[in-house]
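Multiple structures follow.
The same chain A turns up in both complexes below, where it pairs with chain B and then with chain C.
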Partner chain A sequence: MRWLRGGGISGFVVRRVLLGLLTLFLVSVVVFVATQALGDPARAILGRDATPERLTALQNQLNLDQSLVQQYLNWLGGLLHGDLGDSLAAQLPVSTLLHDRLINSAVLVFCAAVISIPLSIALGSYAALRREKPFDTISTNIMLLLAALPEFVVAVLLVILFATTVFTWLPAISAVPPGTHPWDDPKILILPTLTLILAVAPYVARIMRASMIEVLESDYVEMARLKGLPERTVLRRHALPNAIGPVFQVIAINLAYLAGGIVVVEYVFAYPGIGSALLDAVVNHDIPVVQALAMLIAGVYVVVNLLADVATILVTPRLRTRL
Partner chain B sequence: MTGSGRDISTGNEDRRGLWLSSDLSRRQFLIATGTTAMLAGLAACGGDTSTSSSGSSGSPTPGGDFRLGVTGGGAKDIMDGQNIVTKPDQARLVSAFETLLTFDREYQLTTDGLAESVEADNPTQYTIRLRQGIEFQDGKTLTADDVIYSLQRIGTEKYGLTGYAATATMDIANLKKLDERTVRLPLKSPDSTVPNTLASYTFGIVPVGYKNFADSGGDPASQIGTGAYKLKSFTPGQESVSEKNANYWRSGQPYFDTVTITDFDDATAQVNAFLGGQIDAMTDLPAAQVESVKSRGLNVLNSKTGGWVPLCMAIDMPPFDDNRVRQAMRYIVDRDAMIQQIVSGYGFKANDLYAPFDEGYASDLPQRDQDLDRAKSLLKQAGMDGATIDLHTTNGASGMVELATIFASQAEGAGLTINVKNDPNYYGDAYLKLAFSVDFWGTRAYLNQVQQGSLPSSPYNETHWPPKSGEGSNFEDLYNQALAATDTNKRIEIEHQMQQYEYDLGGYIIPFFNNLIDGYAANVAGLEPSKGTLNLDSFGRGFRTIGFSS
Partner chain C sequence: MSQTEQAPALAEGVDTPTPPGRTSSLLARSLRLWRTRIGLLFVLILVVIAIIGPWIAPHGASEFVATPFSKPGQNGAGILGSDYIGQDVYSRFLYGGSSILLSATISTAIGMVLGIAIGLVAAYARNALDEVLMRAMDVIMAFPQILLALVAVSLIGAGWGIIIAAIALTTAPRVARVTRGAALPVVERDFVAATESMGLSRPRILTGELFPSILGPIMVEATLRLTYSIGVIAALAFLGLAPDPNGANWGSMIQQNQLALATQPWGALAPILAIALLTMGTGLIGDGIARTAAGIDRERGDE
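Now for the complex of A and B:
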């Protein structure tokens, strides 16, 4: 397994990219096999009108009469050429169907990420510095509570609080009319983004706090303090870089989770993203759409994890030198 | 009515009862009537009329953008003047397309539509006379050619339109234009239900050469009907926007400048949008939300319908080939409890017969209620006491799974074990081949429903009715006699005999008919409960009688 080592950071990245591709290939097989278990899409489309003649006609039209291996190869070939096939329910190319929804979801995840990550790092660090003082106790307990609440509940509570019952400041749902973009009416992004922030930030903040506490108790921080370095420098130069390594991993897991986990949030807010498209596709047994979205979400997982690993290695000299 | 013909426009002698030939999609019907069992205490809406909550606002005035939220849609949404797949499709269809005849709010057939009369010249020939000077949304005058094209389009099997089965008796190929406004419709066999068929909303009149939205390359300008609103944009699964037809033929209507129909994945977001004022009306308000909506000063429209979710026993398959077993099952059902548990009180009791709004409905037959002792003794006679029976259902229409589960628990009282099998591939796989199953139906008139589900030739005959020999085996003959009956009383008499057979020997257990519950904002005027298949007073009578009050 010598090829698994050497080459420094670039060699590591190349190896991880190759492994990522292998992962995606295996995922594609699993996704394909799993979507077969959704059942016959021709039946799902026709419902009670599925007479044998209409069933056969539709199955031919959808190429469902070919062997599974042939169907898989057709699909994989299309995927490699960037052709995701046609949606069975909408009779439109999957790429057309998902294009706007993809942008909408990306906007939501981006907003949630750029706010929640710095916020939770700051919160976690500050709580570590104020360890066992009122700020730490209160914030830790609130974080624990939020982490325990499913985002569905958080979303509904936010709607009740800000949109329908207590106050009516914000829109209760976040419809994006076709042909417009979410940023045309930024108000609709507030509640979904807030829900996602509340879903993600507690985990990151808690890890940041734990990691920071560990680092603050370490010999080298004590050494730095004894050297007479200003506390600012101690924190910025010595504590933070060492504490943030494990946090990258948690951020990666949460970002990847966001890519799939926004399903629930999009559902509650009727936000036209990939989440509601995935839901609709599963209900309709719309296999090409399910496959495309499953591959997309798997791709996000692989890329985000790769980035997190690289970032972790870059901030951890111990790991860097072992490559 | 006399043998010389039937003039719908003269009205009263031909009160045929209500019937929208139900054109609900098999999968989407009732999707969101919010029916899981809920807190007790919601009163059943009894009485003969449906109720709407108070606080209804003045009269409609012109202007405004009406935003309607509808559940049950998705990527498979379509726009077609004669076809629907999902519930939002129904709203879109009636906004742009109209029918020759119409049903009023009491389900009476009226000549309020595009035809000024539809007359039977003899039992196998109708003459359709169009109203003068009606124009399509693009200014083209409505003529006999459009009617012929429209009916022939529905009657062409390969298009797979919802109304196709109902054209079976029509001699579509020999439709004849008598003059610019008159069409002769010959029939292959006598069929007194033709006017009702022509009034069902999927019999929309489209211009010659019409193609649906998808086949027109997604061009909204291709969707030209005679209706109150003209399609401006449409994104399946998301929303459609329609603008007022300035050229509309009924003076003073419609009121709104635009109508926006938005899809919702589920009722939670839909109710939130409604409470938050982002939509002005919503379909299928969950029963649990009714009180909360009313307390905010929003209105609830509660309409009785003839929709039903039956338990179906195949009368030629064991153990249901023994009528004692069928009778026993019918005595097991606690109908009142089911109305509370499945539709939260929003429904009315049924008696194993369908088509409650048909003037021939056999309301004189004794109401069946739960009688477990009788059920047990019947089962014992049939040698079925303590037996185990499989009951098949699916998450198709709302209430289908709940009905099976609740029936299973009620059957324990008679010592039966009912295994509920929830099969996602139910339709298409085993459907119509099962001994004991659950299905769903919309509102229809009696003879139209018989044609759909209770004849050997019916497309959806779950109970394998009628019997092949003995009592009831002349059911199909009676049906044909009823279709040909030119005398209303005679027809009602025949229908009564048919229902007597179904009541005594049939395979349906029909516990209740469900209501439609919709919500609308305080400033929306012009909606009233109506006994139709479609939500929200048939979507504000095609969005033309509804408007914002000033």
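Now for the complex of A and C:
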């Protein structure tokens, strides 16, 4: 980025988009090399005792007889046209196979994000305002312990607590019968969503608290108070906009994490999303599905980070003036 | 648990690295905080269980003792009952810690060494090499740790070696970013220029001058990474991708026994509580060190 400076906000956005495209391109090379070039996909699919004829036939079907560069260009070309290839296990186009699952996962991530982000921003800000008071001490320590727990531990503990053992209020399995949508039976969404919220909220709340404390101690908040502005206005107009900037980065990282972390959560609740699709594909050595999902999850990470960088600059008054 | 790159307390400590000499006592000073002591206690209890467990287990790890999913004491089962194929849960619990603890420690150590080396070289380079290294790290970081581990296991087959390699590879870029961030302001300081003019070699400057100056953030990062490594390795086993799906390790045990949560919860609950205590312990230690490092910096600012 050092070779391209200036240009104000639009220059920054253009540089950041170009950088994102470069990262996406490199990501696609890594996905391709890792899945197709390192191993022998045909042998991985058919197993060790495959006959040479079947091996050759499948190698032709997968275009493995072409050069690696040609294979990569074919794959990338298809990817750019929305053609993700055919699933080897289901004999269906990958896009058809993943369509419903993508919607299911998006519903889950959306519910978790919509609840956890405002909740953690509110919790973090309130803890910062009540710094070193009981609310702050208790919430900070609970967040610290929650943040350390792996999400499958949280998920199974929630199942024990609310579904199977202590109480039996909620379903332990979140199956979505074919032809229906997860929102037809919202009860099944509660425990998976709660798991994701508990996995994400501690991080956002901790950063929000740290950021808010820094801003509250700054000169311009002091200045706003000395001007005699009411405390509500000081918080809303001066403190919050500046404090929320760094939080966007953490929200971005956590949203991208949600795209990957749902693997475990969907497995626990047998929820038919892209996470469980990835796990099935891994077990069945269904390389085209693995490639598509790896690109999708990494792509989400790159795009969300890009949006966060731009949003941080646009939202934070003191950074905007520096451009 | 999530992939967040640094704890807030760490961010406070990064800006002004602690000078050499003070850091050697960082761990000792952090033990003055109750959170560090409690965290250390949690971790010690579980490490002791993992190490001496196999010697004090009443039964073998794959010895059948009662009908499957017997409750504690029922049908002659042990104090935690029997599991999905009638093995003793208590014995398997005692056997089940070492593989996860060992693989998590080894993979974190390899990832830390790699990441610190890359981060220090990038920070000291101050040229195109820095850009190239950090872009490469960005690309690896676009894959969640569990995703990369899943793909590696699916292509090469489940084995401790490949799991350790995948965790180490995905740990390294996250460590490299923190190391570079902490080392950048140190590189600009006068004592580095002084060692350069004395004609010290680059490796000597990196290991002898830069590295000791950033021990604080590095130690916090190490505990954070260990917490994640334990979580990801246990999660892989839980997903059925451990080298031995019927093996006695805490992650696999949860998967094997979660079917009977309603009637015989101990088969899954015991290993869940073990992993929870372990990761909360490493989390508390990390927070204690971060608070201590930030406190030392604040003291220095007042001087």
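Going forward, the second predicted complex is superposed on the first by the 300 of 323 C-alpha atoms of A that agree within 3 Å, B and C clash if a C-alpha of one lies under 4 Å from a C-alpha of the other, contacts with A are read in each partner's own complex, and residues count from 1 in each chain.
As a convention for this text, a contact is a pair of C-beta atoms (placed from the backbone, for glycine too) under 8 Å apart; a residue touches a chain by one contact, two chains touch by 3 or more.
Bear in mind the structure is a predicted one, so any value in this text is a computation, not a measurement.
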Chain A as common anchor, with chain B and chain C clashing or fitting:
clash
Between chain B (first) and chain C (second), which does A:290 come into contact with in this model arrangement: first, second, both, or neither?
second
Taking the superposition on A as described, I'd like to know which of chain B and chain C A:159 touches: first, second, both or neither.
both
After lining up the shared chain so the two structures overlap, which partner does A:90 touch, if you call chain B first and chain C second: first, second, both or neither?
first
Pick one for A:203: touches chain B only (first), chain C only (second), both, or neither.
second
Name the contact category of A:261: first (chain B only), second (chain C only), both, or neither.
second
Just checking: does A:282 make contact with chain B only, chain C only, both, or neither of them? Give me first, second, both or neither.
second
So, A:172: does it touch chain B (first), chain C (second), both, or neither?
both
Touching A:239, do we find chain B (first), chain C (second), both, or neither?
neither
Which of chain B and chain C A:123 touches, first, second, both or neither
neither
Given the superposition on chain A, which partner contacts more residues in chain A: chain B or chain C?
C
Going through chain A, the residues touched by chain B and also by chain C turn out to be 39, 156, 159, 164-165, 168, 172, 267, 279, 281, 283
Footprint of chain A on chain B - complex, ascending
25-27, 74-76, 160, 214, 233, 235-239, 262, 264-266, 268-270, 272-273, 275-278, 396, 424-425, 427-429, 431, 439, 459-460
Touching residues of chain A toward chain C in the complex: what are they?
1-2, 22-23, 26-27, 30, 34-35, 38-39, 44, 141, 144-145, 147-153, 156-157, 159-160, 164-165, 168, 172, 199-200, 203, 206-207, 209-211, 250, 253-254, 256-257, 259-261, 263-264, 267, 278-279, 281-283, 285, 290, 294, 297-298, 301-302
Show which residues of chain A lie in contact with chain B when the two form their complex.
39-40, 43, 45-51, 54-55, 87, 89-92, 97, 156, 159, 163-165, 168, 171-173, 175, 177-179, 267-270, 272, 276-277, 279-281, 283-284, 286, 289
In the complex of these two chains, what residues of chain C are touching chain A?
1-5, 7-9, 11-12, 35, 131, 135-136, 138-144, 146-147, 150-156, 227, 230-232, 234-235, 238-241, 254, 258, 261-262, 265, 268-269, 272, 275-276, 279-280, 282-284, 287
